[in-house]
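Working notes for the structure below.
To keep things simple, chains are lettered A, B, C, D, E and F as they appear, and every chain counts its residues starting from 1.
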Amino acid sequence: MSGFSHIDERGRARMVDVSAKPETRRRAAASGTVRMRPETRALIDRQEIAKGDVFAVARVAGILAAKQTAGLIPMCHPLLLTDVRVDLETTEEGVRIEASVATTGRTGAEMEALTAVSVAALTVYDMCKAVDTTMTLTEIRLLHKEGGKSDRRIVNGQAPEQP
Amino acid sequence: MSGFSHIDERGRARMVDVSAKPETRRRAAASGTVRMRPETRALIDRQEIAKGDVFAVARVAGILAAKQTAGLIPMCHPLLLTDVRVDLETTEEGVRIEASVATTGRTGAEMEALTAVSVAALTVYDMCKAVDTTMTLTEIRLLHKEGGKSDRRIVNGQAPEQP
Amino acid sequence: MSGFSHIDERGRARMVDVSAKPETRRRAAASGTVRMRPETRALIDRQEIAKGDVFAVARVAGILAAKQTAGLIPMCHPLLLTDVRVDLETTEEGVRIEASVATTGRTGAEMEALTAVSVAALTVYDMCKAVDTTMTLTEIRLLHKEGGKSDRRIVNGQAPEQP
Amino acid sequence: MSGFSHIDERGRARMVDVSAKPETRRRAAASGTVRMRPETRALIDRQEIAKGDVFAVARVAGILAAKQTAGLIPMCHPLLLTDVRVDLETTEEGVRIEASVATTGRTGAEMEALTAVSVAALTVYDMCKAVDTTMTLTEIRLLHKEGGKSDRRIVNGQAPEQP
Amino acid sequence: MSGFSHIDERGRARMVDVSAKPETRRRAAASGTVRMRPETRALIDRQEIAKGDVFAVARVAGILAAKQTAGLIPMCHPLLLTDVRVDLETTEEGVRIEASVATTGRTGAEMEALTAVSVAALTVYDMCKAVDTTMTLTEIRLLHKEGGKSDRRIVNGQAPEQP
Amino acid sequence: MSGFSHIDERGRARMVDVSAKPETRRRAAASGTVRMRPETRALIDRQEIAKGDVFAVARVAGILAAKQTAGLIPMCHPLLLTDVRVDLETTEEGVRIEASVATTGRTGAEMEALTAVSVAALTVYDMCKAVDTTMTLTEIRLLHKEGGKSDRRIVNGQAPEQP
């Protein structure tokens, strides 16, 4: 009716009932960028060589946030994550973050991957904000997801593998 | 040393010690966009007219997330928020979110505003993902902040009001 | 000994060990009422026609609370909920709330349904308390539960289907 | 416009902005009852004499919940509680719970007192549900609140002290 | 490479991928001691005889903490606990705590047992700190774990049962 | 009566009422050790030289846990921390952790410092447990606390500075 599975015929928000779905192994990956001044990125690069703490803190924040996704996103189903990894690297634009998340469950883990990227990006922002107030979180999106009904649906800037 | 206030001279992450700062009234605003297909935005527009639940759910998620910021962003100081508002509207690009947050405290509330926008955006994504897998969270940034040492610092695409 | 499964023979609280129970599909429903002045209910009715936010906020709060039940109720087992819905309507007495919760797990989900109702009711109270200090949360109880050993046990004001 | 301080003129939920309010000492008390079969109450009475764990567990759950109120009730302001006490006793009807909460802050603590009572009541329900499925949470309401603009407003079944 | 399963070949922290592991029934037990002055222990002994609240509060805190382990320990996998018990007793040294935790999952529950002991010990400390500032949490360790690949591995001061 | 400020005259647990106390600046420090095999400590030493992630993850876990103390320890008052730092180093025995925490509040922050040390220690344990099952968390204690009524009380193995 509403066109959205999370909105019922009377316009009310709801979780989607996945009770009848089987548990399957699923994985999702997402990425995003914290755009920043070249000087800020250079500071991170220099600091990384020595110790790596900006990235280490953001990685931990992203991993913990992935596990809290169903507490943050109201209509998300709780999932038992079996793997989370969060990687950060400096690029031309600033810092690029990629998260990959796995579960065996009844729904996909794309919200967990996107939440990990977003919170890792917010953490990078927090740690750099004293030297750069122009930073922007940008291009946070799903890279691909596997498992479930539509196995290996590839999206967003990756060549779809389906014919 | 490191150039970052959150990294000490030996490269270790830390909270910034704000013990000696006075409490002042502060406000911060941030915005962001969930870029989506025109058809998805049109569905939200139609649904909004009837009941408004996509935006209502995202608004609640953003407000709750603002209050949890110090639990998500490791080096963030806890703050007692005295006001949070989160607004959503459809634009050419998709859905634009703006959050405004106030506190009386020893540090600014920009991370709370940015967290509210990010989690509201993730919630919009979650509620629309069954009809659109191309959505992107983009241009999440600080609009302005007031209070504290650098009163009324205006940033990011808004003309600074200081001479 | 104590007569309570949550109290051991020496009077100490404990979780009930459900390790040996099989996972089965289960559903529970609960309801409750926020009793209020007729004028307060009338305000909600008028506001509902326009936008629906009191109910939308309470619904989101109830759904999120259902997922946090094991963090609130000490002896509750954690469950992966596969469906949560929370409905609100105005009645003669005020606002009636009903929640229905599903899981595939080793214990029933009645505490999750009761927690969803209670927190949705507290949220209605919070949003109306500036205009009405006489509100009361009342008749919060289990409507029915299905699944597990005692499949389709119907309780509280619903005709039992067992002979 | 809407008649509710938590709903703005366009029908959107919001926190009430308390930024300009002074901090004052405030206290609120609430009560509620878990109605149950006389046999269930008798079991609690017997068990209480020996060790007291049903009440001890419910008391701890209520105190912890009071501190989590702003994470459960979306439009609630975070408060630093300076005192929480939760008392339980058996009555004719079942178990009566009373909570008293104090803070120095910009808003009253009635939601914290009501949340403490509700979660303590849910905990009593959880611990007794194996022996009694007819229990009902009832008469959860504010007893009185002090501090703030309307100092010593007494409500709900207590003689108002204002003329 | 690093020698630690939680550190990848480039030195970055990660969760261990347990996606391919089967779910098995597992149990872990841990213990620890709060060392304190004999007078403090004597106060607990006297108080225990009357009502038992120090131990009751610590037991509830430990059980709740076991369920929050994956939110506290960054690289821990979330687990659905099927049983948690926490016991406390006074000894020559002070208070000894033992926790036993069960799950059906893809990883062991030793972190949950250790977290339950640690938080119960911190709670004992908190409740006694006004009368004794010399307390020390000590000898927090795994007692044994069962289930998973290395079924019934006994460790730490308990005679191994494997030949 | 009971001799404990957290236990009332009838043996019931309660928070201590600090409503009437003034806000003062306070700081507390605590330490603890994860005792481990020399080979495990050597692995950390080698890994630290390269990248530092075991310590970085434990540091972040400890800082986040300090902010969650009042949610973990039932009778703890919530505090707005203004500074948290957590340091780790390898010693003869294994890994030594020290945490220092500051606040401006009505109660001391020793529980926050002890919680930071305990959770950082549990995190070290978690990251090393695949190579060493003999680790023990030990000697977790308060080093000193400043501020409040008993300014600069030094305890536990540090020479008291009061005459």
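We adopt the following convention: contacts are C-beta pairs under 8 Å (C-beta built on N, C-alpha and C of every residue); 3 or more make two chains touch, one makes a residue touch a chain.
Note that the structure is predicted; figures quoted are calculated from it, not measured.
Engineer: Can you name the chains that touch chain A as well as chain E?
Structural biologist: Intersection of chain A and chain E contact lists gives C, F.
Engineer: Would you indicate which option in E-F, B-C or A-E repeats the interface seen between B-D, with over half of the contact pairs matching by residue number?
Structural biologist: Most of the contact pairs in B-D are shared with A-E.
Engineer: Provide the C-alpha centroid distance between chain A and chain D, rounded to the nearest whole angstrom.
Structural biologist: 37
Engineer: What is the distance in Å between the mean C-alpha positions of chain D and chain E?
Structural biologist: Roughly 32 Å separates the two chain centres.
Engineer: Approximately how many whole Å separate the CA-defined centres of chain C and chain D?
Structural biologist: 17
Engineer: Taking each residue of chain B in turn, which ones touch at least two of the other chains?
Structural biologist: Residue numbers touching two or more other chains: 11-13, 16, 51-53, 56-57, 60-61, 64, 68, 74-75, 80.
Engineer: Can you list every touching chain pair?
Structural biologist: A-B, A-C, A-E, A-F, B-C, B-D, B-F, C-D, C-E, D-E, D-F, E-F
Engineer: Can you check the complex and tell me which residues of chain B touch chain A?
Structural biologist: Touch list, chain B to chain A: 2-7, 10-13, 16, 32, 43, 46-47, 50-54, 56-57, 60-61, 64-65, 68, 72-76, 110-111, 114-115, 118-119, 121-123, 125-131, 133-142, 153, 155-156.
Engineer: Okay, in this complex, where on chain E does chain A touch?
Structural biologist: The contact residues of chain E facing chain A are 11-19, 21, 70-71, 74-75, 77-80, 105-106.
Engineer: How about chain A: which of its residues touch chain E in the complex?
Structural biologist: 25, 27, 52, 55-56, 59-60, 63-64, 67-68, 80-85, 87, 102-104
Engineer: Going by the contact rule set out above, which residues of chain F touch chain A in the complex?
Structural biologist: Per the touch definition, chain F meets chain A at residues 51-53, 56-57, 60-61, 64.
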